[in-house]
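In what comes next, subunit A is part of two complexes: it sits with subunit B in the first one and with subunit C in the second one.
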Partner chain A sequence: MKFKTFFWFVAPSVFMMLLFIAAPLVSVFLQSFQVTQPVVQQVEVETCTPGFLTQTCTTELKTVPIIDEVTGKAQTTTSWVGFQSYQNVLQMDKVWEAVSDGRLRDILQIDFWKALRFTLMFTLVTLPLVIGVGLMIALAVNNASKSLRGPVIFVSLLPFIITPVIGSLSIYWLFVGDGILTATLERWTGQDIAMFANAWTIELLMYFYRVWHVAPFAFVIFYAGLQTVNMDTLESAIIDGANRFERLRYVIVPHLMPLIIFIALIHLMDCYRVFDEIIGFRSQAHVISLQWLTFDFLTPDDSGNRAISRAAASSMLTMIGIVILLILPLRRTWRDHKGGAH
Partner chain B sequence: MYLKKLALAGAVSLMGTSAFAACAYENTVPLKSLSAGFEAWKAVTDAMAECGNFQAELDQEFRTKQPAAFEANPSLYHIGGVSNGTITPLLNAGTIRPLDDLVAKYGQNLSPNQLIRVDGQIMAVAMMVNTQHLMYREDIFNDLGIDTPTSWDEVFAAAEKIKAAGVVDHAIGATMKSGWNLAQEFVNMYPGFGGTFFNDDNTTAVNSEAGMKALATMQKTLEFTDPEVLVSDSTYVQQQFQQGKIAISNLWASRGGAMNDANESTVVGKVKMAAAPVAMDGGAPATTLWWDGIVIASNITDEEADAAFRLAMEGLDEDMVKANNDAAIWLVKGYEPGPLAEGAIATATATPAAPPYPSTTQMGLLHTALGNELPAFLTGERDAAATLVAIEEAYTTSAKEAGVLQ
Partner chain C sequence: MSSKATAQPLSLKIASGAFLAFWCLIAAFPIVWIAVMSVKSPRDAFAASAWDVITGPATRAAGNGLSLLDIVLGLIVLFLAIRWAFTRLPGLVQQFTPPGLIALGWLIGAAVYGILFVLVFFGVLPLVLGPLNSVLGPLGTPIIGLTTEHYVAVWGENQFYRNFMNSMIVTAGVVTVSLTVGTLAGYGLARSGSNLAFWLLIVALVFRALPHSVLVAGYLPWFINSAEILRPIFGDLAPTLYGQPWAIIAVLVAINQPFTIWMLRSFFQNIPSELDEAARVDGCSHFQAFRRVIMPVMWPGVITTGLFSFLLGYNDFLVTALLLDAQNQTMVPAIAGYFNRETTTTDQVEAVAAAVSITAPLFLLVMVFQRQIVSGLTAGAVKG
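Entry: the complex of A and B
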């Protein structure tokens, strides 16, 4: 293809990527080194609050922002603060202190590290499960009789269609204190079950939910891949006396390897941004994720404050985390790609 | 068929006229409002809608939308529903207008108690008060011979008896969902022990003896609550009450009406309200007083503001209150306090009285810090002293970032 034709083909998407991906990224990057504050003054304010019959008025010193006469908006100043926001998120001084005192568990009381611990574990525990379960469903469907295949594929795809936040809410409602499943289990076992009272039960539910939700995606990809397995190789393996497991291990899995890498890539990227489960399960007291941390910084409180700088720092850190996680599978794909070109 | 249609059309037109008849005038200026979504706001906005040309948005997430929506020019909403907790960002940004002229023009029926003055100017008109107070199952208390608790020690003693009798799943229900709700529990308890939130230089004073006592009381509560209490918000506690699973709770007065809603509740007429328990002898009830009311946006024309305020007054009139007497503890004329209001009134008129929720920029920051740091204490990951230090540090970090602390 001529360069000019190629250019006009990709120009719209390059433009969109610059506008919606690159520009916000640069802006967040810059904001993570800045702090924007309102210019405040202390004024004495008399505020009256209704009691039931009479009012109580109190005069107190309040810190309020100065309103600009011209624009009618609060005056703000923006200053460069270097890595201050990163320090506020990472709290490295406390981390070193905990390390030198040998109290490693204390590190997990800092929000960022607590979130990182869960996010990493969530990503790495669900990854093999999703690939394994997806592959198993694909093999099962592939071996099922033709008449059954349609309905089985349909049913196994259902979890993937559900909007993640709705899915997690449904699981929450099933398992919360007097949810249908908990109530049934309680009647059955005669014990009081509280799934949302402990961190580990909540985490287990989250792993279960994510695998249930994402495995169909892996299944569809693997199922497509299985259709292209070389039948001659498979047959010669049978003649060589390879049993079912050996055929899977030495013929099918190597054939599907590029797909496994592909699913791993997608899954790592998705899982590192785990968020819906935290909101759906209301697990903030026990388990938080990096994406939730950013969201929490951005949520304004009743007085309208939001920690934009720390949110920017936290999202930059999340991005760095994803890049580090993706290096391994990406390197492999790149090597395969280079090898394929020869 | 034709007759049926005609009858239907007649009925619809009758409905229309009767709806308009409920309003004293017809509103011609298109108006919009944004407020919280609980029962009282539904009653008020329904009454306003009767005048026509009015669109109400009832949204429990209003607090995150309101500041930005009112800062737009022209403002996206004319009327805002606020509480003393959520009026601060609007006041700080100057996006709500003083109402003195409008009150003089249309506010003949307002009582002086309703006018919220900030620095002498009327900035909001309050319509109801709200507070977290003691709600308990009168039948269970009578059966077990327990007197109405007036202090938290008595609450725990009562809970002990109820737990021993095993009449409900959990003796106490608490709105301790991590985040805003949990922080509010501390904000109730801490002044009850005589604590102050801030020093004069805007640093926080929660790391104190009163703070330790407040944490200890909150932890004691956990012995009697649902183990999943850290995910339970007001609605969840309300439902637990309605389903007869809990016997005592320090719950919002605005949730009281739901106890007697026969469609949802299995405990109609059995729940009684009393003043919020005190935390220490001679102290104020361990709770904070709230009001809900309306504000009018700055960034709209004077004509629109005029129409908006007139409409709001129509929504807050005696007829509305008479029709919805039990939906809230109204401040509007015509309200007759029923048994559901006893607790709130007792809380508000106690001596010393419970303090109003301190609505300042710093309080917003501290509330967030509390909501994020308290869970680790209640799950047992961190002891009380370390938690108070963590709250102090979290507040200091965000206060420096917000510019209220140097």
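Entry: the complex of A and C
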């Protein structure tokens, strides 16, 4: 295909990605070094209250925003502030203070570090679980009789396809104060249980939700991979005296390895932007994630202001994280591509 | 596979079957349970015993319930309706649509069928069953509590249908635009072996990894002030992009592009390039070959990719919550509005009903397109 034809085929897609992905990235990068504030002026205001004989008047200095006469909105100025927004998000001074005092737990009181800890731990804990559970379901389905497979796949797809917020809500309602599973647990243990009062129980539920949500995806892919396992290899392994577990370990898993890497990569990307669970479980008081932090900065506060520059700084930091996570797999792809070209 | 060596001991078979049953229970339980909760009165929905939630004594006491007769007749009607959909409906659609417009015919057919079903099931059936129940005595007394009051409240009083319409507009827009743009790019990328194509795919992969909040942080200031920024170009017609469904569509399409082009590329690679070469020999331009020869055999891939675009548009919370205002909010962020009011148990059950309403279309989607979803998931993995 000539370059010109290729160009016209991909142009609309590339244009969309440039305009709505690349350009916002540049914009976020610039905003993270800027602060936009309303221009204020000090006005002397005289307030009089009716009093006996004469009015009681007081004058005071008030800071009011300057209103633009044309648009009717408050005038704003934008100034470059360097790394100040980053400093506001990272709060390094508090971090160093905590480190020098030897109180490392205090670092996790700061929103950003709290979010970072949860996001990383969430990603790393759920990754092996998703792969393990997915593989187990795939093996079990492969074992089941043909007539059962269709319905099982149908049921398995439900957690995967459900809206994440709704999925986490559905689990939230099972465990909420007087939810059915909490009530059952309370009857078994004889204790009063509040799943949503402690950070660690919420986290456990989040891990559970994520595995429940993603394992079907891993399952479907592994199941497709299992259909292409080489029967000859498997049979020669049997003749060589490999038992069931050894066959799984030395024949089936190596065959599925590319798929495992693929799932790990996708899972890494998706888990790193964990967000919907926080909304569904309403856990913002206890557990937050990096993406939720940016979302929170972008949501208007009580006075209607959005902390745009802090959001930009926190999203730049989030991005640095994903780039670090992705560098290794991408280098591999690059080497494969170069190797394949020769 | 049937040889003696691969035959499994009974214990392993039982263990694997039990595990599968356990998984199915876990997979379906939360979803089934919220569906059950949503049709019970608040006291039953949050009752401590599971049996009370299922049978709903309080709901029944309030006079809402299904008798044995209701259940039997309802199941019969349901069974007939589903059977009819699979046996007679395809023939009717084929018969009444002019050739070439078959997709449109199916859309209209499905819509008419849906309306008819709702009319019969919720309109005619209760009218018939009401007098029957009162005549039949013991057969006609309610045995299971069931009420639709929460759905009526959600869709009627709270005007959830507005959110539904917005969701449909956004989702339909996302699916059509991203498929149009994506098929072109996917075809180009699949047929070009150049380094540039490789780099485009890698950049797309990196873009796919970006958290959406990063992008939204980039849009927000521009979208809010877009009327002033665009005024020099468009004059007074300059729109404020914030809160516009079509701006959301554009954003979601762009976010979805990396995934779409990867998936479509792997589908296009499955189509032998001899096919378009033959078309080119016969005098087609590249674009004509794409439109007349490749697209007709690409429908399975396009439908699959469309499903995933649908899911992205339909399930999105973050982008729509931040870039749309309250008047044209879609369904998923709208449900967050229930959290804030969720003070009484009635509010909670209404939120459950809204959640079930959001899930129902997805349930239908899996039922109809199960095979395409599975093939889509595997296509990305095995070739990508």
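What we mean here is this: the second predicted complex is superposed on the first by the 302 of 342 C-alpha atoms of A that agree within 3 Å, B and C clash if a C-alpha of one lies under 4 Å from a C-alpha of the other, contacts with A are read in each partner's own complex, and residues count from 1 in each chain.
Quick note on the criterion: a contact is a pair of C-beta atoms (placed from the backbone, for glycine too) under 8 Å apart; a residue touches a chain by one contact, two chains touch by 3 or more.
Just so we're clear, the structure is a prediction, and the values are computed from it rather than from any experiment.
Shared-chain residue A:199: touches subunit B; no touch with subunit C. In the superposition on chain A, A:276 makes contact with subunit C only, not with subunit B. One of subunit B and subunit C touches more residues of subunit A, and that partner is C. Look at A:63: by the touch rule set out above, it reaches subunit B but stays clear of subunit C. Of the two partner chains placed by superposition, only subunit C is touched by A:3; subunit B is not. Contacts of A:295 after superposition on the shared chain: subunit C is touched, whereas subunit B is not.
Shared-chain residue A:307: touches subunit B; no touch with subunit C. Using the contact criterion defined above for the overlaid structures, shared-chain residue A:111 touches subunit B, although it does not reach subunit C. Residues 178, 282, 299 of subunit A lie in contact with subunit B in one complex and with subunit C in the other. The touching residues of subunit C, counted against subunit A in their complex, run 1, 3, 5-6, 8, 12-13, 16-17, 19-20, 23-24, 26-28, 30-31, 33-34, 37, 46, 48-50, 53, 180-182, 184-185, 187-189, 191-192, 194, 196-198, 200, 202, 204-222, 228, 250-251, 253-255, 257-258, 261, 286-287, 290, 311, 314-315, 317-318, 321-322, 332, 335-336, 339, 348, 351-352, 355, 358-359, 362-363, 365-367, 370, 373-374, 377-378, 381-382, 384. Every residue of subunit A that touches subunit B in the complex is listed here, in rising order: 35, 37-40, 45-58, 61-65, 67, 72-74, 85, 88, 109, 111, 176-178, 192, 194-197, 199, 281-286, 296, 299-305, 307, 309-310.
Contact residues of subunit B toward subunit A in the complex are 63-64, 67, 71, 84-86, 88-89, 91-94, 112-120, 126, 129, 177-179, 182, 200, 202, 226-228, 230-231, 243, 245, 289, 291, 298, 329, 331, 344-345, 348-349, 353, 356, 359-365, 367-368, 372, 375-376, 378-379, 381-382, 390, 397-398, 401-404.
Across the complex, subunit A meets subunit C through its residues 1, 3, 5-6, 8-10, 12-14, 16-17, 19-21, 23-28, 31, 36, 71, 136-137, 139-141, 143-144, 148, 150, 152-159, 161-167, 169-171, 173-174, 178-180, 183-184, 187, 212, 216-217, 220-221, 224-225, 231, 234-235, 238-239, 244, 259, 262-263, 269, 272-273, 275-276, 279, 282, 290-291, 294-295, 297-299, 306, 308, 311-312, 315-316, 318-319, 322-323, 326, 330, 333-334, 337.
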